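In what follows, a structure is listed as structure tokens, so that the remarks can point back to it.
Letters A, B, C, D, E and F mark the chains in the order given here, with residues in each chain numbered from 1 onward.
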């Protein structure tokens, strides 16, 4: 059976931390769906089109990677696309506590799903989309924090 | 002296995790007050009347349990109802860090109060009111996460 | 039914942290058994007789408190003495992680047992029997760390 | 070279916890700048003028302490005032996880900066500006939580 | 390329927690090697032969699972058997902190290795080999903690 | 007054993590004493002479750094050498919980002492002397984990 993983996120913007997890997971799966959550309650910083185009251009040479927008429960989306794995990166124990909660609830909602965690590269242990946005808002340079070649400006 | 415990919360909605803590605490106290905080700053998801009626119907056969709405400092409410104990459940170490802060401040404000913690049932370790609301917002089924017989819909 | 709590420990030696938890728990229970674990694998620093006599003299005016030596599983001891509660103090989230493991296993072994946690006084947040022993080994003065009047020397 | 530390915060209001960290750090540095972040996104509870005047009056006899308002990235401010150190207090491991993220990002943005942490006095381990504001909102008395002599009311 | 994972451990004894992680990982890999570390410094409780025979009998119907004894560095063993993945389960944030350290060191020693984490079933969140041994030493019954059909006695 | 810091440890062996903390702390203090604890209870892996000679050769060009062997309580040693600061690095929240306990006890024993923490370089977040020893015992190469030029072999 095809091994499909969903990597859910808002990618607002994608960081080098996300990118490192995704690339290291490629050999493990047959397909990885970068699933951009389109949540009516959360107002993103970057428009959806921008986030889609960043991801698509970043992984244009990776045939296993697909970019999809979804709304609703992540496990419902997994069921629809026949994915049995959710992929996540772990930086800190605070991350872990948060991810465990989500992971166990997802399993309670859909018993066939398994969350697969990889460690973040310690060089990016302090990196998150919200920190990248903070630096941008304050006029800083984020080129070392987003994947090479991405042009992230306000 | 009567042993009175206050279990403060917004119960928005009450979960199986809350219910398990409350029921296991019944033998320990003479009275447990389920104290619904009516906080003008926090907009609840379910109306106050709904939350009161859920709690009252859930514990209608438990003479030791009372449902009361309060506002202001929890310790002031405890003083008014002559409660010397605050009852809380602990799921994770993130919970603990949060609850310790609240518990120590409550003690600093009212030296006679003692916070009493029970462990949450590990089956509900990932459960919280906010996760239940998230599932509801996304159209999921929460009947396994709220006490049996409760009809929780948007 | 009589509410009996067991406070298990090696009390090697008892600290001000332990003492603060025990004294604050007295109003909550009808009886508290200070249960000195006599574990053949762990070599204590102070002889059993010394530890018994410290506890007995410390609580000689507290009719609710009993000092008992036990071996074997803590939950088996609880069953024998008809205790439905295990009493523990929590200092840090590291404590919590450890105590949760023990508490959940105890419940798995004996479903009627409930572990009841109180917060340690923050003034003693860094205090433990092993730190008291370390200070003693290095010739330091521990009189501020053990209950007043206890004469703890090597 | 002059050793300059920046202690950034919103001081909304300053607590006994902050004050304890600042005073213990005085001997370590030649100058400590209490840097009040003026962040357009975060609406403070107390007006900027009030927060400035509290800090200035509190440290009027400490020639090493300066009160400055800044906006933008903290590390940019440090560069401008020639500060090589950021001073922070640590209460809990949750604090640590948060501060490590900030500290590592600051270092990634400005390699010459070093964050220097002191432990908070355990007596103030549960204290924060947001808890002080919560108590105030609920009509409680905060005089034990803010530095002596400060008149903090709504 | 064949996807080979190593699940290293002392399995002294294997618990239901281990078993749950292994079985959920089977669909993800082409082969999983249960690698029993034979460490001259750590004296195991159960003889190596016993631990091998438990694992072999438990997974005799799982063609993807192999039982191998190794000594030396785990990453060296991975290199020899051509495994690019190390499989681990995560129960608590204390686990995570420990596993991250090991995982990052393994990566520092062998850049091609990736540690893949699954969440432990919360029902076994408090379970470990050392707790099983403790219960055994104290004469308790461990049949609910080890995989069904295993006969674990002292 | 001269600002003297003690960096206590067993340095068995010193790692790149230690070295990074020490070197970043040099500008902050007038003198840093690398204090090798000679603890009769802990059997070190490398002989004391070896550990002294590593430290001395590593910092031979740093006039602010001194290498001293001590036994007994760290705070007593600080008092003798007139040091008001203890220097420590923080890698993880597990580290923090441990260091806070030690730091608060040290302050309880000697009120004039202040523990000053720096963050470890995330590149060395998983590094410790005990991991270096483990790799050595298993025949691995540790040259990337100890300061350049050090010849660490069994």
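Quick notes on this structure:
By our rule, a residue touches a chain if its C-beta (ideal position, glycine included) is under 8 Å from a C-beta of that chain, and two chains touch if they have at least 3 such contacts.
Everything numeric here is computed off the predicted structure, so don't read it as measured data.
The minimum number of touch steps linking chain A to chain F comes to 1. If you compare C-F with C-D, the chain pair joined by more contacting C-beta pairs is C-F.
Note on A-F: its contact pairs, compared by residue number with those of B-D, E-F or B-E, agree for more than half at B-E. Taking the mean Cα position of each chain as its centre, F sits at the greatest distance from chain B. The distance from the centre of chain A to the centre of chain D, with each centre set as the mean of the Cα atoms, comes to 34 Å.
Chain A and chain B have Cα centroids lying 34 Å from one another.
We define each chain's centre as the mean of its Cα atoms; on that basis chain D and chain E are separated by 47 Å.
Residues of chain B in contact with at least two other chains: 92-94, 97, 100, 103-104, 122, 125-126.
Applying the touch definition to all chain combinations yields A-B, A-D, A-E, A-F, B-C, B-D, B-E, C-D, C-E, C-F, D-F, E-F. On the chain A side of its complex with chain F, the touching residues are 92-94, 122-123, 125-126. For chain F in complex with chain E, the residues that touch the partner chain are 92-94, 125-128, 131, 135, 137-140, 144-145. Across the complex, chain F is touched by residues 41, 71-73, 76, 93-94, 97-98, 100-105, 108-109 of chain E. Chain contact summary for the complex, chain C toward chain B: residues 1, 3, 24, 27-28, 84-85, 90, 93, 96-97, 100, 103-104, 107, 114-119, 122.
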